[in-house]
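Just so it is clear, A, B, C and D label the chains in written order, and each chain counts residues from 1 on its own.
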């Protein structure tokens, strides 16, 4: 993605999520879709922090999920507590890349899953993608600056 | 519930839902919450038919789930195809009782689960329950009249 | 249920669960089935403590969910942190009643949902229900004794 | 992936899945994880057909999900009926690539989502990946031969 910025990718958002028993499927480990739900929660925490969801209500501008990738590194079981970290790792004109890493407390803090989504800022009024406003761009850089560069 | 009517409880709505592999939990059968999701789908099909969801958008009046009961009769496994039936079995002033039966194709059409929810018609403008309008009441009786009395 | 015991119903198990964004449905509050998944997690924590899941693996004896009831008291939204409490409130010969209360941090610790399930101890070898062994019964009373009687 | 074979990628498996109301999230469209659950169902239908799940029970050899990619092309709403197609598009020594396309009946049969997973055949006895046996390889080519090359 064009527009990669060294001020991005600093993993500023982190949240803890306990595994639910019902997250496991009939192979006796957490179903692969649940990791993506956890990433989504971290994404929404990030969006809350940068005010993107308010823009959605006030201006009809909001993020759309265009694609995702995930690597499954280690299986997870109930009970466990996961730490989910998120960062915006790149921004383009109207798109952004958000990355996630999920760590298992029971597995000594080792990584269980990593993923990346490509999001696009969408204007629901015009039905088209729209450039990321400078104000939002600055807010994201500010949030990233609070990260530690170390997921 | 007061207001029980012999014109109700005739099981007019029926929908087929294939079991997803991911519906099963680590006990290797369909998780108990999935039956309630299936009932919810039948409920929304019923609501669509009687126009209750449109009232929600136009007038801010809509149904609220107050309580539910379910009996788990027989376990279900992937693959299978379920038939989910729904009926409004009673109406009060502002509340209604909707019942569900879920049948398994693989288990010779035998019942797997039955449930009942109590719903209340709610006015989001006033923040209070509101009487079921006569128009909606008539529409429900009309829908029920298309049922067969035999779930 | 016969066999009610004043040593039961003391709410010994409590667990905290953050709301996931994906727990919300298109009515913009947490879907009604999610509360039951949270209760299930508290149930499994209880089962772990009383050793019932080990009996399942070693002897083929385990709990079956026969029925459930839930009352929805107050809607829940992301983000929030729920406290889920569980207690065995009654034991019969081969059955037990487990109750749950779910509290919302954001709503000043007020109750959002309460529920009760009826479980039956099942012998997968014979395909029949089986009496709750004295050893398990004692273990349950011991666990309950650590509760505070105040959910 | 090495081992690409022109006999693969012929889309032999197809299954229809109705959208559940509860599949929608608070943005009023089907949540992005649900598409992956649908793909998983098609994957399990494929696995059933090629006998891979039986190998898991009899020999402790089974597939592991290593990674996935998905492109979200068009949003989906309740009610709708999806057609989910699957094909093994490539096989390596111990790995395979399975692709999916999901079509919406309500949107004139247009594609809503496409995805690809990388699976690895795993020997749970040794804790290592294991070569795909010739017998399974032949069975997969046989299944693919029933496809139409046109998803």
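What we mean here is this: a contact is a pair of C-beta atoms (placed from the backbone, for glycine too) under 8 Å apart; a residue touches a chain by one contact, two chains touch by 3 or more.
Note that the structure is predicted; figures quoted are calculated from it, not measured.
Common neighbours of chain A and chain B (chains touching each): C, D. Farthest from chain B in terms of Cα centroid separation is A. Ranking C-D and B-D by contacting C-beta pairs places B-D first. Between chain B and chain C, the centres computed from C-alpha atoms are 25 Å apart.
Separating the centre of chain C from that of chain D, both taken as means of CA atoms, is a distance of 36 Å.
Chain geometry summary: the mean Cα position of chain B and that of chain D are 32 Å apart. The residues of chain C that reach two or more other chains are 21-22, 33, 37, 40, listed in rising order. Contact residues on chain D toward chain B in their complex (touch as defined above): 15-18, 20-22, 37-38, 40-41, 43-45, 48, 78-79. Contacts from chain D toward chain C in the complex involve residues 21-22, 24-28, 31, 33. Considering their complex, residues 32-33, 36-37, 40, 64-72 of chain C touch chain B.
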